[in-house]
């Protein structure tokens, strides 16, 4: 079993780029990741793409622009967790000596408005149940009812995100927003206002994954993959597009299961994590997942955030570069963007938003289909 | 006034409604008791073809809810509308649309009754759907 | 390194099923494959789906109907080679002891008419270059010019396919067609008439892949996976959607490379293959690939077919159950359909079209993006 | 008659055409000589950013061709049309549309000239595209 590292990362800015197609976006991210790894596509032995909305051979079409070396290419679609799922395939293949170097590239041109295609049946769509925000809003509303989480705490999360994003050149929204501005924004799906929900957008990110021994000839700053996990929901998670769930499931949520597997794989615990990018697809999700990933007790996520524990300088800084709320979510690229950001954190290259001395970082992505990925990196 | 030739459910097998009390139909595992809505033949837990359809109590507790103001893809009804998760005494939680347009009419924990009501009218057909109606408000 | 076998296969009929959605199709195929393996989804530790035209979490939505055990699920899109690419991921994972049992399920509701989304750039589509049959027709036309392959030989291939399919309950077209009927059909893309081109359609197929030792407790008829290969085109293959190629590339085609890798992996040669399902997306492709896979010398594919060498009872029977030309091509499911068919051949369960004593069988799928998969099975 | 305000190529960088002889632009690797059309900055073989644009001979040999009778998705021209692969003396084969509607006008091995011609007209713009024209037929 080989040790596996990240040898390079690269991103194309997340935003709206009407004059570029997915090939252009993916090309830039892949090019930057390869440059960061001091490699060309000739050094890559297998590639995995992560994308939701293109139809066919999308990864192939992106990589053509960087060379046509004839390597195996696999296109992966796992909704919001597409990128991290593809990383897991690459990680497993390198760990098992199938390859020494693999490239993972995620890219997306998200449709405008509510995202279609999350797997709803026709009757769900017809009757208004086919709306992702409905799921996010219900989850956090139940959290509010049960634990006293407040609208102000939700607004605090969104405001923190926007403040963090000011210095992130890859983020779509780089303007500070006050708690009042967040609360007074248009209500999309009560209690979630416009600024408490992420915007699907365009973007790309790429990661070069490498056998640790081989990486030495290319880079002096490899970052180790200590865990790469994909779990899928059990019935207790009423995740998009599920309609029902048992009232009191006797087992953990998918985020808890993925985190637990990842912590075991890395021989680490939540207390060892210095910085994390977690699936803040909405402000409520950041609160809920901060608990499920073990960063604070269940029910206390909102209060802990409001107390500054998850801000830069706090006990466990979350989404320190603005997260999905401010980067926006180019679905296939999103979780690779997280991995790029925490790689920069562990290398000490994160600039203004650097978490000092970060040694262990975690990325968590979760989405339609009930996919939950947790990746732990160490330097 | 739109002319309607027939009433049809948005999907067969979701609920009882014609000439009888509105009730949701869930599938229940004869082996482990797991319930799932909409019904399906395999048990989500046992992964075996052990499910049979049963109706559940038409009244449950509202756990949480939200209000949607912009029409999602494929939606054929009007906005705004509210939706919520109701927990039934049998131990299953089911997401559904409520009869209310405003969240001010909804309270966490309140009792909701399953009714069958118009979802939309299309091609001279009235499509019907189950909805949750607050029990306190305008009971028969 | 563990030995890997196929423990079960299942198909949903290929055709047009307007009253069923992809979930219904995939469900039936997966259910049949699991039944064939004497398993339930509870025995499965990871699942891979193969599909082109659905948007998100499609495999997850299919498998929900069979249970929600929380296993990792990965959706793979590799055009016509999606299914075999997913098989390769499952094969590698089991070989490397990541899992003991994996389910691969492919399903498709193909759009009608020319298939969209093969990766053409807009200008290609606008100007008429974005048409898959154009590529197929050009390839076989060049073969005709260079080697004297005839229209009658193309018609012979189509007629053979339709004759073989009469007894295949999973095929869409089960009516014999004479050579004249094929030649006189509507010309779609000269020299290819309607019956020389496969029809995209609906269908599903599934394969249960298993550690050989573990399979013993479930099935008495395991079929070994001797090779599972995915290669991607180099520049010499002017495959959909490429616009140019070097005139005289000094390296083999992608089909040759995939076959060569597979033969090496299996320690077998083309002379050892008793029966094969190859990518007869059109009659010309069957001729060209029969050569590239090593079943006859380059240029002789048409004449050898006409001489009966690739018919049932011939030296190397190809597409003995009608192939893609008669089954139709539900893109994501197609190559899994091939693998199901050759599994039945190796088990001696192929009925009227059984190739007597078949011990080694090959499946070859190739499509957009320049993906080429070769899978070799042995009993 | 359709009013046309300007002529534009279907894509920039495919061919030279304005005020000069029509020629295809390929990218050529300064390291290994590999050529690719349409041009791109990375060499398909070297996988390095070593390509520079060059024009190629405007006459090549027709290797094979076909005729399409039904419009493919996104096509803005008329059917039937023919397309074929032309091999240029520099050693690159390029797929293109021909000027001919019928294959009877085409022969394998015949010389074809690159011309630039109307692809379609849309929004008062004439989109132009390279096409292959048989040299024997109506040369200047």
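Letters A, B, C and D name the chains as they come in the text, with residue numbers starting at 1 for each one.
The rule we apply is simple: a contact is a pair of C-beta atoms (placed from the backbone, for glycine too) under 8 Å apart; a residue touches a chain by one contact, two chains touch by 3 or more.
Everything numeric in this text was worked out from a predicted model, so none of it was measured.
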Touching both chain C and chain D (chains): A
Shortest path length from chain B to chain D (each step joins two touching chains): 2
Most widely separated chain from chain C, with each centre as the mean of CA atoms: B
Centre distance in Å when chain A and chain C are each reduced to the mean of their C-alpha atoms: 35
Geometric centre distance via CA averages, chain D-chain A, whole Å: 43
Chain A and chain B, separation of their C-alpha mean positions in angstrom: 33
Touching two or more other chains - residue numbers and ranges from chain C: 64, 68-69, 116, 121, 234-235
Where chain D touches two or more other chains, by residue: 44-45
Chain B-facing residues of chain A, complex: 113-114, 116, 120-123, 125-131, 133-135, 137-139, 141-142, 144-145, 186-192, 234-235, 238, 242-248
Chain A residues touching chain D - in the complex, by the definition given at the top: 40-42, 64-69
Residues of chain C touching chain A in the complex: 21, 23, 52-61, 64, 68-79, 85, 88-89, 92-93, 96, 98, 116-119, 121, 230-235, 241-242, 254, 257, 368-371
Contact set on chain D toward chain C in their complex: 10-11, 14, 26, 34-38, 44-45, 63-77, 81, 83-85, 87-88, 91-97, 103, 108-109, 119-120, 127, 129
Complex contacts: residues of chain D adjacent to chain A: 40-48
